[in-house]
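Pasting the structures here.
Okay, so chain A shows up in both of these, paired with chain B first and chain C after.
Moving on, here comes the complex of A and B:
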């Protein structure tokens, strides 16, 4: 390198410059300027869960009034959680990160695993904000390696919807089944009442979150899809739950479709398992009186829905502002406003002592059931929400079971796939 | 056009069985296409409680226009509509101009490396849009072009398909006419405008129509590029009407769909006439 001439040096520098320029043109990402610096409005990427754009705007206005000097711009992040994740992925590659994103129960973990989301514990502590008022199951859903990566925002659970007219015609008590075994006793009576062209129970199919609802069935019978990072679908109790589902299908007591709320609202199904987020829609669509109830099995109700998270690549200043905003977005007043407008669950324990919420629940007994069920929820199995492609994988296996394939074989194969994904994609990063 | 063909052929060898089968096939095809459209249309006029019922309602009763009012007022519909028009117009203009000019150069002008250039263009046709999305996003974001119309339009303006289609059309033109025009002293531009283009209207109209429909329905890229109704097209706006956890109110969604389809439908009816005129004119000439 000693004989490097001046001309040679200039030539090399020029070439390097051109190469750098080309690299920039090719859009190689990594533009530190876009993520540094403070100030500017807080960019909130949301898919407006439950068509909530107006409500979000209202909460943002209240936030700006309470915190002069802060501005939040609400940005259309897509039509569902997956599209927000897709848009965020593009931003991660290309710079111009948002300050806050909506992250669903299945999309947050992959970002956290790749260190693309900021752990919130220190940020919250530095801002002097407490988290013990969040509903525990909902807050702890976002734990990874002892840190929390999101705050619960638009959270839902499954709910049992039943058609009261059919219920009384079948001579059943005005409540949901306490256990799945009890439902099995009721099913023939319901089938006799509804006739051949209708169905006792409607559930979502494997590509529409049957895997979410199935966790309830598995848990209520003592099984589960995974224990920490070990796949356990081939556990005898989980297999028994799968066999139970298969039996219901074989007897034509359950049918599966893309959106069970449609069949239920049309009066084709006597009862259905659906998200609490659908309550508003079913109330407006159904022409008959219906009731809501806890899922069968005690304490076997999975949580779901979405939280709000902060990208890791932001400057400290922007993170500080963002955490202030997401705490406000999920405080008691905001969560009450938001959940009453959408049908999602209040994420704060003290929301139930809020006067507006008390009055609302008094007037809406169906929503009250959903809120009371919150105390009986349980965080979902890792195999479904944290393992990449988990939901789709389990959904596919359930579809196979419902079509009559051998449960033990299907679940053994499922376990193998799940475990392979855990070992190759997650274990190395733990 | 198609009826002419059928009649002239059918007169000669049509058996009753064949014609019945023909009509049956025609009816099936029409039903397959028309029933979903019909369902969208009537659903857009139904009241919410009448959408999910059994037996199904084949005619909205009572009919209501509330869904249309909801669609136009609950989302900034005019803004989205304006953006769609701007994006589609700019993109269609860019693609048609580039497609025609590049195809002309690659088919009728002689220059070294012509086939190589054509191969590169065709290779570009093989790369799916989705693959280039991330790098395009990075480039546009670093230029600071997110939320601008140029950010949406420029990355989409490349036209491998148009080049391919128009080049093949130009190559199929009779060489004698081109030759004669050249002998008469027509320069390259004059040759294009006076000789080549008039003989290529049907293909050009078909190409334009495909382009306009495609750009009108473009979703992924405009969605990634735009944050709100300042630049987002109608297709992105319509998703605001959907509820992501089921319980959709389909009335306004269907009303929005009808309003989105209408401009394209009108354009199609208008251009279809042009297309047929062009086709017959060409047939007579050759």
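Moving on, here comes the complex of A and C:
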């Protein structure tokens, strides 16, 4: 009897082991089952840009209230855009797809190129939804082969933040520098005021989007990182911009860190280049008066941030549900709610005519500057946003420059790497 | 009565050789086989599914060009990825980082772990509390420790800056200087891993032969002689076990590096082989090349483990 019991146990254990293996193999997530397109569960994967989880939840609750039958699960997709993309890649391999993902300016294209995102034009048209109210520059950022692959959601631009007390002590006018050359004139005055422990300008390092901000420097000096599908970092004007950045670093007029907003908010930096998406956080944390201004160089401001996209592998019904949700997520009311909470750009033209938004901007001139700068933006260079690993590759080159390596040599090597990636990974699929 | 041959040799003869067809396996034999199969098969199935199959799949992918997002799969490229790895500028840097990080963590965490184990093996007041404190970081996730240690090393706000400022020294930029960045991730990992080496050494020390300690004491051995001639030889299997497990764990550290530096500064300042696998696969979208680096890493680890086993075998038979 005792022998039989042990065998029974072993048999059960073996069966349990195999079952566990099969269960693990099948994946742990559950796929939302679809209904007839008029309702059902929706999985929304987000990194909650601009610490917006509470705001996203608020919008989701409003959506569910306005659309009974829909239940939206807000899933943590990672702490940044790249982690959401990695999680989505894993989902593509495993077949358990979300309904909506946050797709950033640097991650959406690879998925669109590989036919993993659904083109939205027909889906939006079928649902009777119009797109002409989206800010054209932001909506068209997601265009590939004449089709749009995302709707603008948490869209941002870099913004120039400055400490008014330090500005005043340095005898500078209450505004940002009009050009980088003007900033270079101001930098010694700022350095004299802040002293050795602090720094005139704080920027993100090469691992944390310095490549995004550097486009402004390059464009304002007539350079760029690529023209269409040709890498152009070794263009003399781009090299001049790299040399300018190197000089700022050599003179200790700029320091680089993971999160410049922390240094700026703590009063360690006289000014900082940061996303408009951090405006809410800086406003909350800074214990001093600060101003915001356009980036130096008229019309040399890159767009950035993220949109919302729908996986191509979903059923038609799930796509219809997802379209309904992303349209709500980016409608005028949601845009107003989201931008006021985070500092991101209004993605709808009519949001600027919304009474609540007008009142908010009047009360918050710093946010108004960010919105006004939208007219001065341009789409980013392909080398950064459309070439896989572009941001990391350019960031690495900029780190090398900041540490004193020869600018022309570094940018020549960068061009070689970028072009190789374009030729092998993109051109065959265009 | 014994046969004469048996009496002469003193060896009992075996049973006579079987004649005819082999006997059918008894019911007991079959039950033993079934029991063995029931015990082994589930584990073998899981190992095959989650270890051997991915290993073979990785090896296959290493000979392809494969964008991880592509639904069309991989394109064969022969040995091109291996040739590229051998010729790339960053290969030397990344291998160097891996060697420095791994050997520093293995050596220092083992030496410190042993020292702490020797200390906390003594009858000291509050030793159980200290033992728990030393072991605690090992069970905390690397990502959490990585984030927490940013506040230690941050050149603007960190604890180290605070301490150095008090003595009038300047703070290195742990996040921008490649040497200091590697120092930072290595130190952080040693701190996290110390509890593991400590607890294993402590267990070994507590299982040692007390009679040898007493004999050494009677012989008047100095503490150093006692340590070198009595304790260390008894700890040899533990040292061997730790050298392999700590090495394998160190080579595979990812979360901590991701949280602290993302492999930077300067792109590859703290990039190790395992981090390069991630970078190529998920950032540069080159899963084929990532698989190549993973295969090379596997082969290097296999070779090192093989050498360690041989050295240990020689040591134990000498």
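Methods note: the second predicted complex is superposed on the first by the 389 of 430 C-alpha atoms of A that agree within 3 Å, B and C clash if a C-alpha of one lies under 4 Å from a C-alpha of the other, contacts with A are read in each partner's own complex, and residues count from 1 in each chain.
Note that in this section a residue touches a chain if its C-beta (ideal position, glycine included) is under 8 Å from a C-beta of that chain, and two chains touch if they have at least 3 such contacts.
Quantities reported herein were computed from a predicted structural model and do not represent experimental measurements.
Undergrad: Go through the superposed model and pick first if A:111 touches only chain B, second if only chain C, both, or neither.
TA: Touch partner of A:111: chain C, not chain B.
Undergrad: After superposition on the shared chain, which partner residues are touched by A:207: those of chain B (first), chain C (second), both, or neither?
TA: In the superposition, A:207 contacts chain C only.
Undergrad: Using the touch definition from the top, say if A:268 reaches chain B (first), chain C (second), both or neither.
TA: After superposing on A, A:268 lies in contact with both chain B and chain C.
Undergrad: Could you tell me if A:99 is touching chain B, chain C, both of them or neither one (first, second, both, neither)?
TA: neither
Undergrad: Is A:48 contacted by the first partner chain B, the second partner chain C, both or neither?
TA: First partner only, chain B.
Undergrad: What is the contact status of A:141 with respect to chain B (first) and chain C (second): first, second, both, or neither?
TA: neither
Undergrad: With both complexes overlaid on chain A, does A:280 touch chain B (first), chain C (second), both or neither?
TA: In the superposed model, A:280 contacts chain B only, not chain C.
Undergrad: For chain A, which residues lie in the overlap of the chain B contacts and the chain C contacts?
TA: Looking at chain A, the two contact sets intersect at 24-25, 86, 89, 93, 262, 266, 268.
Undergrad: Which positions of chain C touch chain A when the two form their complex?
TA: Touch residues, chain C against chain A: 35, 38-39, 41-43, 45-46, 49-50, 65, 67-71, 150, 155-157, 175-176, 261-269, 279, 282-286.
Undergrad: Would you pull the chain A residues touching chain C in the complex into a rising list?
TA: Answer in residue numbers: 7, 10-11, 13-14, 16-18, 20-21, 24-25, 82, 85-86, 89, 92-93, 110-111, 114-116, 205-208, 256-258, 262-263, 266, 268, 388-389, 392-393, 395-397, 399-400, 402-403, 421, 424-425.
Undergrad: What residues of chain B sit close enough to touch chain A in their complex?
TA: Where chain B meets chain A, its residues are 48-49, 51-54, 133-142, 146, 223-224, 226-228, 232, 236, 239-249.
Undergrad: Which bits of chain A are touching chain B when the two form their complex?
TA: 24-29, 31, 34, 43, 47-51, 53, 73-76, 78-81, 83, 86-87, 89-91, 93-96, 156, 259-262, 265-268, 274-275, 277-282, 284-287, 305, 343
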